[in-house]
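Okay, structure first, notes after.
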Amino acid sequence: MPLSPDQQAEIDSLRAQPRQTLRAVSEGMEAHLYKAVPVLDHGFVRVIDYMGDDAAICQAARVSYGRGTKSVQNDEGLIRYLMRHWHSTPFEMCEVKLHVKLPVFVARQWIRHRTANVNEYSARYSILDREFYIPQPDALAAQSVINNQGRGEALSGEEAARVLEWLKADAGRAYDHYEAMIGDTAPDGSAQAGLARELARMNLPANIYTQWYWKVDLHNLFHFLRLRADAHAQYEIRVYADAICEMVKDWVPAAYAAFEDYRMGGVTLSATGVACLRRMLAGEAVTQETSGMSKGEWREFGGGLGVSRLGDLVGSPLFRMPFARGRSR
Amino acid sequence: MPLSPDQQAEIDSLRAQPRQTLRAVSEGMEAHLYKAVPVLDHGFVRVIDYMGDDAAICQAARVSYGRGTKSVQNDEGLIRYLMRHWHSTPFEMCEVKLHVKLPVFVARQWIRHRTANVNEYSARYSILDREFYIPQPDALAAQSVINNQGRGEALSGEEAARVLEWLKADAGRAYDHYEAMIGDTAPDGSAQAGLARELARMNLPANIYTQWYWKVDLHNLFHFLRLRADAHAQYEIRVYADAICEMVKDWVPAAYAAFEDYRMGGVTLSATGVACLRRMLAGEAVTQETSGMSKGEWREFGGGLGVSRLGDLVGSPLFRMPFARGRSR
Amino acid sequence: MPLSPDQQAEIDSLRAQPRQTLRAVSEGMEAHLYKAVPVLDHGFVRVIDYMGDDAAICQAARVSYGRGTKSVQNDEGLIRYLMRHWHSTPFEMCEVKLHVKLPVFVARQWIRHRTANVNEYSARYSILDREFYIPQPDALAAQSVINNQGRGEALSGEEAARVLEWLKADAGRAYDHYEAMIGDTAPDGSAQAGLARELARMNLPANIYTQWYWKVDLHNLFHFLRLRADAHAQYEIRVYADAICEMVKDWVPAAYAAFEDYRMGGVTLSATGVACLRRMLAGEAVTQETSGMSKGEWREFGGGLGVSRLGDLVGSPLFRMPFARGRSR
Amino acid sequence: MPLSPDQQAEIDSLRAQPRQTLRAVSEGMEAHLYKAVPVLDHGFVRVIDYMGDDAAICQAARVSYGRGTKSVQNDEGLIRYLMRHWHSTPFEMCEVKLHVKLPVFVARQWIRHRTANVNEYSARYSILDREFYIPQPDALAAQSVINNQGRGEALSGEEAARVLEWLKADAGRAYDHYEAMIGDTAPDGSAQAGLARELARMNLPANIYTQWYWKVDLHNLFHFLRLRADAHAQYEIRVYADAICEMVKDWVPAAYAAFEDYRMGGVTLSATGVACLRRMLAGEAVTQETSGMSKGEWREFGGGLGVSRLGDLVGSPLFRMPFARGRSR
């Protein structure tokens, strides 16, 4: 349970004070405001503020296309048209501000998305709390034997127990020493100067929790979600992306539906892949050697990168491998 | 008068429909929403949406600095502290969306500020209106004889009349031909194919009006305002910046006051400039030749770049030249 | 012919002075350096500088993936892997600086790509040359009757002649008045103050040529090329993109080949599109009404957005329409 | 000593192979290429590539200002003019690519500078080395008693010894467990699955070293250096900034000199500060209470933010406090 009673009371208080505004309002998002959605063992995501709604996307698009957009008769159709043709600027006209509590190693991946505004809790100024991410047993995965990036099966038995024990003990000891280093009392009870916080933090492991405000426009948020809610993303960031997807679905339902159809559920084929399919459907028995693809590319052509879905549809046994790209379901 | 009756009715209608929200509300900005502030002869600026207020800046800063910010007891003090120490990320937590109608040559300057979101009316899809910026007589300035960039005195008499006549006649003729090229009827009344809009627009001059939605965070807006509300900015963009300043002042009064004190009204000296001042105050008669500065730099040291203000205060006759940098008043 | 003898002599001089460097060198790009490739009637593109080559992309990727990339045995395979999996940061490690001369209405489209560095010729400080883009007859296209954006057939006969005459006459007159306004002599030979350049420029039409230095990393350049070398891009910017494609092909041949295969020649299907295909291949006669698509989307599904290529391969008569998306050939 | 013999041999090999280029060459930077400058106990910075030199800055500026820049007769004068007037785009025309090895807690500060390209060593794919930053005794500072951010005196005696012992022991144990978790052999010699690398890394502390390629333009690099080579920056990032300053000085000597004069050595006063100075020089005994400043601002007005330099020059005893802002020397 990541929230203290004080925090819950603050949320309740904020939600008890509606005010009047002339701005665009998304009822779906109002229902989310300030509430913390728990993620992992101590983390959360919550919406602090938002700007715009589905109608605001269309309004901005109609400024661009003027009379030209009259033929698209309703907002949903226009939003699908914009998404389909990669007209991204109208989606940039919506903005959201999230408060996220997350482990440092997740924050390090997240921050690579540069087109966003961030205010992170500063361990130069302030003292971090004693909270560490310790995976649930089913998330304690082995290294994949197929590729260098993915995960394999969950660890079991003594190995799992040993890993959990090390993670807990090392984090606890590191935090004990962190506290002892910055405190004004030495272990023997005498006074000490206390190490600077900006130095003491270096002793803390990457599973300690940090938090930040993260503000991003809808176009860049969709880009983040496409990469981070994907089955290839690390589980520990994907659960945050999944939680955000649920919020976005309520905030801008039409835009989110178009995003699901064209981005998350979309399939991309290379020119070489199309040419191979054409030969195969014409009856040729194409092999990796004659495909013009590398071994890795051939494997992904069959089993990954969305082609498996296509494989299902063209009925070729080649494509019967499990779907490996796109959002996991 | 830049607004049609239909547009005014739409604004009135939008302002007549308050809704409830749980978000931060700035009463000062609510009063501006949707209203069009006239700028130049056919242009305007109006606020379409905003996110955050002074308190939201502090809230984000307190996430960063945690307990460390408790010592700054009130929001205004914290905001001044952030501005003074160039802690820019809390200001990025506020966002504003403007609808601007402006001449194309102003839009070309404006768009150079890259950290913003833009949806511009598209002359590929749509037909531009017959509206051109024609300067008022007192804005019809001569080329400066001092530098290549600035303006001198206003033109007078026949020269001014001749310029205005050319601007009006050329714009009118260009638009007549634009309309004739894209129309489906030839001058002799017969049918014609009609030139593609994306080509016909090339005949239109840079004083034709365009419009866009422009969305930006407060930090980057301050940067825009510092450069474009400055006395060195071209008059035709400065009037837009001035109009936006009035809105920002009502939106985030504490942040705007800090911006005025530390940025718009601030004075910057180079290391060389400081060294010269020191020598002068010690009684040395420093000249350009002995200053280590170029002629241009020496001129600006005395009369420009804020040093003239300093000149007033140290009482040196060297600095009696008119103040040339910083926001015009 | 866009280059003056002086400009050609300067290029020859720069190309006659090789120097030694320890940096990565791309022989293919060295052959292009400084040379101006003519585009449109007075424009050009030329390479002023570049950083990195195919090997530099791999070097950066190997920093990221360390030992994990050893399994990809050669640079070409690694580059294809990176492109296929949207690992964009290694491509950001290459940079190019171009000098481009282009009509203002093309520059206005181009500048919308924000992740780039630009130095444009300033008409506030300097005087623009008397050079205007006048389309060749076969580029003088009618407005498309299918959509608001595209072009139809070329204009013919008197209509074409009339348009060309207007474009030339209006541009010439506008420039005459521009010169007369900024000059120091009135038409009657008497002295005049001369209008400020920053104002006089407003009289010039959007087909006047400007020029700039444009610096961009390879990832963002690929994004620009995918949009602007596409058949849907306006012809007048596409010819610039095409010219740049030829340079990039010689600069980073492996990366360019991967870009062609996965981006320019790639095909994207929506989840709805995949579901429809599946039903059709199972023998169902899907119509727009039963497809779950709008009319526009259905038309594009058959004839546009790459599906026509897929159409060829699955042999459905539905898909026999000409290929409408992806780079024109 | 951060480089292995293999690494040194690779550097020597790269430096032994000069090639011919037609591009701009900076001899000062060629002397740095590939060489690793040691920073902290295991870190380094080295230049991998660069684009442009002082002349390239001027060349880009002259494209912008055309004939208008002829009056600035030499490159150094032009560069100083550009820096003085915040014309930043010509500085963006130079680019540099660095290879940096640095502790994770330093990397977390560094990455906040968003306008740069980064390829970091991935602990999802690869195994981190056993290398941790352990401060030298004189860098083992106490928390400042003046503000929450800075450092005080170095720890001494038993306290220092205790901190160093904890830092070393905790890092070593964490790494032992990291290795044991990802290995394929359990402590008892039996086979084990091995934890996924992307999970095991969470046990490692923030003083472990990572490395990346970092590519940035000169304008944004100057911004980074102004903040990170400043006396207020954390020592552990400042030493990297200092090392980069030495490279930039050799790369673009004129631009670096202007940067030192106008940015690093510059002094900024607020409007309120200027008004106070004016009153004081007129003989008034201004106190914090009558100054219009908060206590913190008044303290900084006297002793910090460059005003102390000004204090020296105006001879007021108020300003005799040590200079606290700007680059430490």
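We just call them A, B, C and D in the order they show up, numbering each chain from 1.
Assume contacts are C-beta pairs under 8 Å (C-beta built on N, C-alpha and C of every residue); 3 or more make two chains touch, one makes a residue touch a chain.
Because the structure is a prediction, the values reported are computed rather than measured.
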{"item": "Chain pair among A-D, B-D or A-B whose interface repeats that of A-C, sharing over half of the contact pairs by residue number", "value": "B-D"}
{"item": "Interchain centroid distance [CA atoms averaged], chain B/chain D, Å", "value": "33"}
{"item": "Gap in Å, rounded to a whole number, between the CA centres of chain D and chain C", "value": "37"}
{"item": "Chain centre separation (chain B, chain C; CA means) in Å", "value": "30"}
{"item": "Chain B residues counted as touching two or more neighbouring chains", "value": "65, 68, 118, 125-126, 148-149"}
{"item": "Chain-level touch network, classified as line, ring, star, complete or other", "value": "complete"}
{"item": "Residue numbers on chain A that touch chain C, as the complex places them", "value": "65, 68, 71-72, 77, 80-81, 84, 86, 148-149, 227, 260-262, 264-272, 274, 277-278, 281, 294, 296-297, 300, 305, 309-310, 312-315"}
{"item": "Footprint of chain D on chain C - complex, ascending", "value": "14-15, 17-25, 30, 33-34, 48-52, 56, 59-61, 63-69, 89-90, 92-93, 95, 97, 99, 117-122, 125-127, 211-213, 215, 217"}
{"item": "Complex contacts: residues of chain C adjacent to chain B", "value": "103-105, 108, 111-112, 114-115, 118, 124-126, 133, 135, 139-144, 148-153, 155-156, 158-159, 162-163, 166-167, 170-171, 173-174, 177, 180-182, 186-187, 192-199, 201-207, 234"}
